[in-house]
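Take a look at this one; I'll ask things after.
Lettered A, B, C and D in written order, each chain numbered from 1.
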Amino acid sequence: MRMDPINLYEYEARAKQVLPHNHWEFIEAGAMDELTTARNRSAFEALTLRPRLMRDVTDRKISTTVLGADISFPVMISPAEGHTIAHQDGECATARGAGMSHTLMMCSTTSSNSMEEIAEAATGPLWFQLSHRGYDFTEHLVKRAEAAGFRAIVLTVDAPIPTPKERDIRNRYQSPGEYGNFRELQSRASGASGGDEPPPWETLRCPPLTWQELDWLRSLTKLPLVLKGVRDGEDARKAVETGVDGILVSTHGGRRFDGDMCSIEMLPEVVAATQGKAEVYVDSGIRRGSDVLKALALGATAVAVGRPLFWGLAVNGAEGVHHMLELLREEFDRAMAYCGQHSVDQLEDRLLSIPREWGPFRTENDIADHIPLA
Amino acid sequence: MRMDPINLYEYEARAKQVLPHNHWEFIEAGAMDELTTARNRSAFEALTLRPRLMRDVTDRKISTTVLGADISFPVMISPAEGHTIAHQDGECATARGAGMSHTLMMCSTTSSNSMEEIAEAATGPLWFQLSHRGYDFTEHLVKRAEAAGFRAIVLTVDAPIPTPKERDIRNRYQSPGEYGNFRELQSRASGASGGDEPPPWETLRCPPLTWQELDWLRSLTKLPLVLKGVRDGEDARKAVETGVDGILVSTHGGRRFDGDMCSIEMLPEVVAATQGKAEVYVDSGIRRGSDVLKALALGATAVAVGRPLFWGLAVNGAEGVHHMLELLREEFDRAMAYCGQHSVDQLEDRLLSIPREWGPFRTENDIADHIPLA
Amino acid sequence: MRMDPINLYEYEARAKQVLPHNHWEFIEAGAMDELTTARNRSAFEALTLRPRLMRDVTDRKISTTVLGADISFPVMISPAEGHTIAHQDGECATARGAGMSHTLMMCSTTSSNSMEEIAEAATGPLWFQLSHRGYDFTEHLVKRAEAAGFRAIVLTVDAPIPTPKERDIRNRYQSPGEYGNFRELQSRASGASGGDEPPPWETLRCPPLTWQELDWLRSLTKLPLVLKGVRDGEDARKAVETGVDGILVSTHGGRRFDGDMCSIEMLPEVVAATQGKAEVYVDSGIRRGSDVLKALALGATAVAVGRPLFWGLAVNGAEGVHHMLELLREEFDRAMAYCGQHSVDQLEDRLLSIPREWGPFRTENDIADHIPLA
Amino acid sequence: MRMDPINLYEYEARAKQVLPHNHWEFIEAGAMDELTTARNRSAFEALTLRPRLMRDVTDRKISTTVLGADISFPVMISPAEGHTIAHQDGECATARGAGMSHTLMMCSTTSSNSMEEIAEAATGPLWFQLSHRGYDFTEHLVKRAEAAGFRAIVLTVDAPIPTPKERDIRNRYQSPGEYGNFRELQSRASGASGGDEPPPWETLRCPPLTWQELDWLRSLTKLPLVLKGVRDGEDARKAVETGVDGILVSTHGGRRFDGDMCSIEMLPEVVAATQGKAEVYVDSGIRRGSDVLKALALGATAVAVGRPLFWGLAVNGAEGVHHMLELLREEFDRAMAYCGQHSVDQLEDRLLSIPREWGPFRTENDIADHIPLA
């Protein structure tokens, strides 16, 4: 008799046992000293929820909508590169798992399966995560995503340059490199009359991605646009001004840059800056259902999980992803009950106690202004 | 020559040696990541007492009253499920131990012994902890408690839904499931003419417990009413307005919910909100007599201990409970002397130094108000 | 070739090797959980000194006076019970060591050697630490101390009741119990015509010691009076008003009470309250010469060391005490140079950076005033 | 196949493997309890950078100038005693490595190679670090440095007296003691007619170094003057008033004094005090390229590294120094990109989030003013 994992940490522990070491490390690693990765977790633990009792919370509404798509609870799947390193069925399995939990999955540009394959396997809503690698590529990808039924474009803005993780360098890690979306692309190119074969994905450099590109991007599609990685109030305000529909506050799990504030710490600044004109989501560090409520209390519409999807996949494929999500659902639902909340649409104020050292954060200007000149 | 334990931590260490592992873990575990359980302890250690010297404190009055019941010092026994997992004599032994120390015991709805058996064994005052599981049950229990001489009803409000602890899930822990109060109930039901046998306790769901239920509950009995688990100023004020007589600030030892503020941190807010119109007690994390004085300095009338009663029971039955309490008494009394206090009725101000990051706690609203929009 | 210890921590390590375990633990232990003992050290480490450079500090004056007695640097020997547990020559050796370093020693009422023996061995100034155990005893001791040439009375006020340390209880520690001062006393009593033999020291209880006793005590002697253990501004102000000459801020090394603020944390409040009308000293936790400068920057006239005297004694008798003091002197002198200070009599402002969470400390009243009633 | 180290910590780990223990410890050790050494690192990690995205930062200008000398990125080599303990080619190898990275090296008075040898090997700009050991010596050294093409004098002010490190004392560490600059000096002296041979370097005492000496020093040379070790606003202002051209905020890597604030903590106070009238640099604790950006955000023109030069040298001589610098360059450049900065000359505000407990630091005066007299 073997028991299913009972929380996300047990999924993590079992995934470590079943994954090849290098794949395990690719999933687990953060950038450089992994300070941000650790901070993503410790910051959630420093927030405390306030139990509100003596209320009838028998019927708790935890379903919500993200950009109009119904999800059964406010936890989504973050976009992440090639899922086949964790399970042979790759993103198709993840999509089935997310669908079983009636929630949304964001699919990466560099998914193992093609977006069309994923769309076919999926029963829940999908968003397409876009890594901009040139105008032609982007146009091609966006139009395919729209055609395949994806319901939003999630543009990654927090990876301006490539940043290999140090554990991967030490492991001489080789990504399997099978990118479903480019397989399609390449075969189409080959089949086209006189068409040039596109260069392999790995050789493409990130072109500059600026606010100017957003107008062009929006001209390609009617799909709503989410920016992934914004973590600054000024940037968030500018995003809203350019008509962005959602912001996913993310540190990329601490995998791209190190020594920055973590996602949940920056969430309040972004929420304040958007002034309700865009939905705000957050990922990086969510491991417990109570974290979901903490994020919602700070203004997020929903959260997303990255590494945990790989743990679920590695342990038990689509079923593992589904079960991992159900654990979060059960914990989140219990947190709602303990805090006396009956609906995610009407969370009351004062759910959180926030460490005194948290924002609004002091900057170099704040302290310079107050240094007494001797 | 074997020495008695000399403090509560030594009781804990010995209890671990003599208890079956699963029972030990059931007692020791907290909910989920056990953050609140740990915080219950670290928060007490972060408070510091202020020695006041050069006073004649030879005669120190440490006896007090709780809702009119005399207790020899301000430490009570918290309600806790089935004591027979620690000692065959169960709550009867605990009650004898508490009585030897001339203090009060709160008895759980799910005690191993029936409330009548405990009342017979007890020599000190008793309060009955009530878990609401339906109107009939509750009425039945409250009337029995009143008849058996219990002197107050302690209504648990901090367990709105069931929450198995993760260590217990891993251990596939099976509670012995002998609930004295339902044994009586079932036999009575069987004997009654035409009466239906009540369903087993484990299958009962927690019905919603709201402020409305309080009026009904008070109509059942003249006994004073204590709410166990309130940890919010607004809830505390409402409790006082509905005529509640006492509030036991509790995290349930961190056993039901995780990631909330600990009891001693929330005590000042509850005390301020009650404005002296109800007595306030606190449990969760008390391990040293100095903790008792810290709680009193923050406005508590008395404190209660939960896990330590099991340690005392496991090591030496009623004598162990008594001795465990005497250790706390001696330490508390010494703390009184070192702080120059001669009576718990007239503690002076400024006994404590409180970490700067402690309350009044900042909430999500406080920081939102101060985020500068860029 | 064996090297002398190069700092106080090395003395500590070597003392542990050469002392019987129970004696070692008696010296090292603090009360209960030893939180205050640890805090005495961590608080010093949390303070940082500010280097001031480009000054000619070739000639640094580090000698000072304490109540008119010249000492070669502001480090004294704290009073401590029976030194023979560390070295057969007991306090006589300590006194010789202190004298070699031209500093002052405070001798305990419960010294192994009699005060007259110590006075004979000493070459530096001595103060007599007084434990009040009744009017006759105290009068007898004070008059002897005055006759033996002691230059001040240090009245211990921070031990209102006996508090055995838990390590000593576990070790079933037996003090050698040879109290030089009572040997004299007992032989005198025996020789006196018709005199009753006084009861043994261990059986005496601490009588209440209050501000009233101070007037009486001052009537016995012209010697200046120091109160040891005051740690509260109000108590300090009262001490000054009653004409006390000095205050030794002390936690008794954390050996008597636990869970209180440490000495160096309370020093500023005491200094502010005395308003320069009494000298203020501090002990508990001093291990580095930089700690001495930190204490002086916060307003102390001098500091004293307790456990380190035992380490010096255990390792090398009088020479060890002397060398231990010389290490502190060298470190202190170096700290003076790095901070650009040429005289302990004219320390400049702004030598320290103090953690933001340090005093003036918040009390239960401060937070109660600011809790918003919901 | 053996991989080059991928960050400075890997250089440190490999250097430990290849260096004799005593040399390793000489390099690694800090003064006394090494609290400042540790703080130099933890303080950098407590600062967080703020990613600014959606900008075209393809072309990033990271080159800068220090006192008019062009360097390819704002990282220099700190002055450090005799490099031959890490590599036989000593400072000549370091200079070659710095030159390959097109940056500046500061050479120590007590270099293993003579300044002329280093100048010959160097391809990048050099500054001469001056330890003042008497007027004649200093004049001799400064004139030689000017003649050899050094471009600034870096006067060390943070070592007013000698302070052997405790690890070195325990190791009975013997510096190889080959000081290239005195070899030259001694041979010149020997060759001079009737000249007295100068005493060996080790026997020289530090003469007092005060603000008065600066005027004299400036009269010796037209070279710009940098003060190394200033960490106080008042001292910094005075330095600027006397016409100093640059200040290197340094704790000497925590190797000379312990228990003081670390370099990066004191940087803002120094920057504020100089009011732009002198360049400010900082060393002590820089291990990651993001640290460089943090220092620049706080007002530094450039940073310098000390221990890492030994690690690079030990692992791979000049190539190791060069590669160590290139790792920092790559990391720094990536930090610029992630923070949306295109030029070190135009860093925008609000790049950092600074812990609330950081300066302006509270001093003993600040708390004394606020202690309520009871």
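Here is the rule we use: contacts are C-beta pairs under 8 Å (C-beta built on N, C-alpha and C of every residue); 3 or more make two chains touch, one makes a residue touch a chain.
The model shown is predicted, which means the values in this text are computed figures rather than measured ones.
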Do the two copies chain A and chain B share over half of their interface residue numbers, or under half; same or different?
-> different
When the centre of a chain is set as the mean of its C-alpha atoms, what distance in Å lies between chain B and chain D?
-> 59
So what's the Cα centroid distance for chain B and chain C, whole Å?
-> 42
Overlap residues in chain A, where contacts from two or more other chains coincide | 232, 234, 356-357, 359
Name the graph shape formed by the protein chains and their touching pairs; answer line, ring, star, complete or other.
-> ring
In the complex, go through chain D and note every residue touching chain C.
-> 32-33, 35, 157-158, 160-161, 163, 166, 169-170, 208-211, 214, 227, 229-232, 234-235, 238, 256-261, 356-357, 359, 361-368, 370-374
Within their complex, state which residues of chain B touch chain C.
-> 3, 6-7, 45, 47-58, 232-234, 237, 268-269, 271-273, 275, 288, 290, 294, 297-299, 331, 334-335, 337-338, 340, 349-360
